[in-house]
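Two complexes, one shared chain (subunit A), two partners (subunit B, subunit C).
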Partner chain A sequence: MPDTQALVNDFLNKLKKRKIEGSQATAKQTAELLRSVISQTRMPYTNQAAALIHSVKAVGERLIAANPVELAVGNVVRRVLHIVREEDLSLTTAAMAGLNLSAESDDEDDTDRDNHPALSAAAIAAASRSTLRPPSLQTLLEDVPDSAAVPHTSSSGGDSEGKSKSADKSSRSRKLKHDVIEAVNELIQDISTCHELIAEQAVEHIHQNEVILTLGSSRTVLEFLCAAKEKKRSFRVFVAEGAPRYQGHLLAKELVTRGLQTTLITDSAVFAMISRVNMVIVGAHAVMANGGVIAPVGLNMVALAAQKHAVPFVVLAGSHKLCPLYPHHPEVLLNELRSPSELLDFGEFSDCLDFGSGIGAPLLHVVNPTFDYVPPKLVSLFITDTGGHNPSYMYRLIADYYSADDLVLERRTTSGN
Partner chain B sequence: MKQPPQKKDGPPVASSIAASERIGVDRSVEKERKKDLPPPRKQFDDESRGGRAKRRSVLNQPEARNRVELFRHLPPHKNGTQLPSLESKFFELHEKHPAVYKVGLQYLAGDLSGGNARCIAMLQAFQEAIRDYSTPPEKTLTRDLTSKIGGFVSFLIECRPLSMSMGNAIRFLKSRIARLPLTLSESEAKTTLCSDIDRFINEKIVLADKVILRHAATKIRDGDVLLTYGSSCVVEMILLYAHELGKQFRVVVVDSHPMLEGQKLLRRLVVKGLSCTYTQLNAISYVMHKVTRVFLGASSIFSNGTVYSTVGTASVAMVAHAFRVPVLVCCEAYKFHERVQLDSICFNELGDPDAISKVPGRVDVNYLDNLTDKQKENLELLNLKYDATPSDYISVIVTDYGMIPPTSVPVIVREYRKEYLLI
Partner chain C sequence: MWWRSASFILDRQQHQNRTVAPSPESFLLSSPPPMADSPLNPKSNISAYYQTRAAHHAVVTSDWLAQAQAAVGRHSDDDGSLGDDKGAAPIGGGGGGGEEEGSGKAFSVIDEFNSWRKQPALAEAVAAIRALAAVIRTSEATTMMELEIELKKASDSLKSWDTTSISLTAGCDLFMLYVTRTSALEYEDFNSAKSRLIERAEKFGEISCKARRIIAMLSQDFIFDGCTILVHGFSRVVLEVLKTAAENKKHFRVLCTGRPDRTGLRFSNELAKLDVPVKLLIDSAVAYTMDEVDVVLFGADGVVESGGIINMMGTFQIALVAHSMNKPVYVAAESYKFARHYPLDQKDMSPARRPIDFGVPIPSKVEVETSARDYTPPQYLTLLFTDLGVLTPSVISDELIQLYL
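And now, the complex of A and B:
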């Protein structure tokens, strides 16, 4: 545990100081950290899943609090929790199947019952009943605060058989940990390869003699366009520079290095040029459950211009960017303000900063937000590693990746503990 | 006595001015109106109609390598390094006047910008030139002076393409010259012309601005948050005037790269005690939630209600419209034009492409330094100066004729154009 503590603290520091660039890197590092946390978790004899969930939540809470605007952290934490629950579920189902089989074989061999895993049948059956039964009002009320707590109560009756069950329970717990870590490895793999899967779909959307517009720089967009170029589609790209970070310059440089005809335009010229553009392709920082997009600043303006000129607005996003939360007041709550020095030179404007109004407040404020919120009605299509989707469909993908119990990660301090 | 119509007299002018030189003659009003339909503008790349412009251009065309395909019909940007060739070649053909030369240099260097400032500077330079003018023997004043003015205009166009306000002012001047009674002596004619120019500047610009101030100030209430984009002299005057009247409001100044004009406006406002917020164009969706009114300036307004203004104005108006914030465009009526335009590409002005790759004050933005030849081949830099805002985004236009909707612009052009030609 001391090892993991050091790792966790180190990662927390990096998140707080905003040292990690990009949601893909953040997601990957979060997943790797949680993998080490899981492998270090001491598993009790009962409620292995609950213990895992508890330890992951403990770390996850702190990670999210370090950088609430980086939604990829919360997404990965919730994905891992979902994995734990899923693996637990599948193990219980397997045990249930084993239970049924042993019930049939019981008639043949009564003496073996003590050594058979079916000895824990009562506990297993009770546990699986709780995990397998569909949620009803009664179960929801009973399960407060934690659904993983139910196996706890039902297996309390089976404690008398503790020693004989300990062997197979520890093997079960090892199996659970093993399965979970394997699944987390798959998750890390998915996060790393999301660009390739998205880029494969480029050929379906870009044909010949197209004009594409993008703003700022996104690695997903770069790979997407290069994949289309590989397949010999001819198109030109307008890159808007994306003040105040001017990452569009970087993207333009990359594109010309790979041989694409690129024109670098200013952000102010987007409305002027968009009438000659066939498609707008951008990356996203995060995709919310309603299909809204948290995107680099300036993209709402581009989306409105695209809507006015009936140009499709396509957002590329890996599945680690899909957040199960609905955005409330996203411009303020999910935004970060950067340093004013990117806009104004402090030296030049130092005299203006001293002027006071009647109440002594400074007269000059500088606003430099990092993100913009694009509402779902302005987005034509999402292209993720699982294919293309409408904004109205994104909420369904949440059920694939997240559990409803994990949406609120703060542990309740009321009676349930 | 009928004066012969003077069409495209003197050296061919490289752009729109020649096309709009329709000197009125003594005919009926209807025929006059029909004649007033502007012929299509001479395009920069049109060989048949005005392609001589390219061949006669005194400045070397910069390499076509980096020119954006979509904008080949526009003249490329001229920068200060071409000044020596300008001097040597141009003044072989035309007479030089120091005042006009100075104004041309100021345009070339970018020291003088803004429709009103450029127009006033040009007209004052012409006043000086007229005062110093003397008719050569064997020539009539009207013809010769018109051709001289045409020469000066060509020079100014070489330095920087004319703005709409300047175009209208030149049309006015030429019509005044053409209407000079032949009985006037040379000195009387010169004095008349100079006083006409003074009256034009006074009535159409200075007094017009005062009227606009009064109208616009009625639209500012206490507690307002006013947004403005770039640096428009009229909007600055409005804000300072409303502040003097004692109204309590905040200003949001939105700026964009590469011109960064908003910084100059910001300084002038803060010095006078207005409470300002400064941001760049991309953040407009973030600030628009709190904004109550948007005030914009214009370089010109076309007859279909399209506002032709600094690049980025269209985006501001569009976002304001999406957030249901009223957009007020403040523009003197002399800047209205009969042209119609649907998009920003058919007619525009190209700025210096190298200005995009550098950001003043940010040494860390140097990604485009040291490009290889292969990279340079594929990369084009586009720096537009103007864009066209569709009329549906504009709520009201504040002019010296009052506050009008964008649909009334052709009415003003038609009804009141004659008025100023005849003053």
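And now, the complex of A and C:
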């Protein structure tokens, strides 16, 4: 336990000081941290899933509070919670099937606790599966009494058989942890390999003699374009420099070393050049539940230009960037303001920015936002590691990756939100 | 398609032959409708659904109730004896008509439905499901198949009684689907299956209230301090949303519209009781005030498969204005209002008429557009708040497909 605490504190520090760059690195480290938290959690005799969920939530809330702008942290925490619930559910259904087959003699005990003795195991499994999926029209009438009954029967069933199955129980508890850690390892693997999976799809979208526009620098975009190059597509790239960090310059240099014909333009020139472009391909910081994109500053302008000239606007995003929250949520901070020194040199402008000048407040304010919000109607296609999707399809991926109970992970300091 | 070509001349003649052509004064809401022939008769041009809505918000006097009861009793007698468009199958559970099945029973599913429907807090779909539960309870069937057939007949009679109500159709369909699906599970004995069905149907009534609370909770994040909300008509779900926001001490202002059946007025009364600053608008003033508005919030009579909504007349207009001025349009609707219906344009639904009182007599040569509702296509809606979560309009068809396949 002390080891994990030290690890957690260390990670929290790094998050607060913004020492970790990039959502992929953040996501990976978060997942690894949660994996060690899980392996260190002590498992009680009954209801292990709740213990795991509790410990993960406790750590997760602190991580999210340390850097609310980095949505990948929250995404990974929620993915892990969903994994725990899923693994618990699959173990329970397996156990239920086993119990029903063997426990004929215990029926008298079960009937007074079990509301529906006539239901087969298949029905119970179906009902309990429905508790994990988000509520839908199908499950509307199969309501709370069933879902409340099922976990009770599963744990009480376990207790009544306790004498004969005690060895089975402890092995089941170890099995849960083991399964969860395996699944988290898969998650870490997925996060690490998201670039390759996305880049594989490049050749379907980039055709011969096309002109691609991008802004700033994104590793996903770089790998995407290089994958297409390797498949012998010849195309040209316009790179908008992405002031004030000018990361477009770095991207342009990289592309040239890989042999791609590149043109560097300023951000203001995007509207002038967009009519000569066939497709816009950009990376994202996060993708919201309505299909909107939180992207580096300047991309909203590019999206508007693309819409005006009917150019497809394609966003590349790994699945760890998919956030189940909506942008109107107060917990979602859409922006972070960086240092004004990226725009202005303090030396030349020190008198404008000086608090000591006559009035006591500087007349010159410098605002340097990091992100832009691109509404879903401007995005043509999302390419994730699972394939290409419409913005209106995002809810499906969210339903696959996250559970509805985990959406709100804020520590409530006040009663109302 | 209706009224589209110059054939409107021929159509109008046909229409006039069928209409009862009442005079406008008889439709004042405060007095009970004086029409002798069944005020709740949906076979005339007045939509029973909208009449009920009006009744919920107006004063319901006891003699009006008695009249309504009597009319329904007579009406279902008529239905039982006619049996016209049903062809061979008699209307099951229908009142004292000389059919073989219901001859001894005084039970009428439509009676039952009307008794549930009178409660103002209960939604139509829930009342329908409760009525169908009563059918199961009083049925003398001994096998699941028989029970299903009875239920199907009852549900069909309910649906045909008021073809204009979308949530009624949706509720009946949902319950029938649930019944067929439940009977597919292996139940050892019929009685336990029957009791389970009854129990679920009764519980469904609680879902109505629960759904509204869930929707109210989900929409809290979208109402921020200091915002101006535009609402249309009287929706119980929207009222719940705003009540919850007021209880959470949020400061917001509401603009109400909704003529000519005074629903906007009723809604503003309710809000004034909550101490929420309210401003009333006539429907034509919506574009004028749209720049002050931050959020537009509607309820829905039904949510159709395309993701659009069917709601009181005027909704589409407000949605268009909001869309052109980039204001978000939110819809609060419970999930049992989702219907398998795909209107392609405004006239693509069964017409629901409601009386419009202009206050002065209108010459008989002048037509009045009396449709009670319109269809708002999904591209004008931003988000839907349902008890299944916050959804974008494209999710609706997905949900419906999952249910019906």
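Keep in mind that, in the parts below, the second predicted complex is superposed on the first by the 333 of 417 C-alpha atoms of A that agree within 3 Å, B and C clash if a C-alpha of one lies under 4 Å from a C-alpha of the other, contacts with A are read in each partner's own complex, and residues count from 1 in each chain.
Throughout what follows, a contact is a pair of C-beta atoms (placed from the backbone, for glycine too) under 8 Å apart; a residue touches a chain by one contact, two chains touch by 3 or more.
Given the structure is predicted, the values throughout are model-derived calculations rather than measurements.
Peer 1: Could you say whether A:Arg396 touches subunit B, subunit C, both of them, or neither, answering first, second, both or neither?
Peer 2: A:Arg396 contacts subunit C only, not subunit B.
Peer 1: Quick check on the superposed pair: does A:Asn290 touch subunit B, subunit C, both, or neither? Answer first, second, both or neither.
Peer 2: Second partner only, subunit C.
Peer 1: Which holds for A:Val270: it touches subunit B only (first), subunit C only (second), both, or neither?
Peer 2: In the superposition, A:Val270 touches subunit B alone.
Peer 1: Kindly classify A:Lys231 by the partners it touches after superposition: subunit B alone (first), subunit C alone (second), both, or neither?
Peer 2: neither
Peer 1: With both complexes overlaid on chain A, does A:Lys19 touch subunit B (first), subunit C (second), both or neither?
Peer 2: Touch partners of A:Lys19: none, neither subunit B nor subunit C.
Peer 1: Pick one for A:His328: touches subunit B only (first), subunit C only (second), both, or neither.
Peer 2: So A:His328 only meets subunit C here.
Peer 1: In the superposed model, does subunit B or subunit C contact more residues of subunit A?
Peer 2: Of subunit B and subunit C, the partner in contact with more residues of subunit A is B.
Peer 1: After lining up the shared chain so the two structures overlap, which partner does A:Leu344 touch, if you call subunit B first and subunit C second: first, second, both or neither?
Peer 2: In the superposition, A:Leu344 contacts subunit B only.
Peer 1: After lining up the shared chain so the two structures overlap, which partner does A:Lys308 touch, if you call subunit B first and subunit C second: first, second, both or neither?
Peer 2: first
Peer 1: Contact residues on subunit A for subunit C in the complex?
Peer 2: 116, 118-120, 122-123, 134-138, 140-143, 145, 289-291, 326, 328-330, 376, 390, 392-393, 395-396, 404, 416-417
Peer 1: Tell me, which parts of subunit B touch subunit A in their complex?
Peer 2: Per the touch definition, subunit B meets subunit A at residues 68, 70, 255-258, 263, 266-267, 270-271, 273-287, 289, 310-312, 314-315, 318-319, 322, 343-345, 348, 356-357, 359, 361-362, 365, 367-368, 371, 374-384, 387-388.
Peer 1: Quick check on the complex: what are the subunit C residues that touch subunit A?
Peer 2: Touching subunit A from subunit C are residues 174-175, 178, 185-189, 192, 196, 200, 203-204, 207, 220-222, 224, 248-249, 335-336, 338, 383, 387-395, 398-400, 402-403.
Peer 1: Show which residues of subunit A lie in contact with subunit B when the two form their complex.
Peer 2: Contacts found on subunit A: 241-244, 246, 249-250, 252-253, 255-257, 259-273, 275-276, 297-298, 300-301, 304-305, 308, 331, 335, 342-345, 348-349, 352, 355, 357, 361, 363-369, 372-373.
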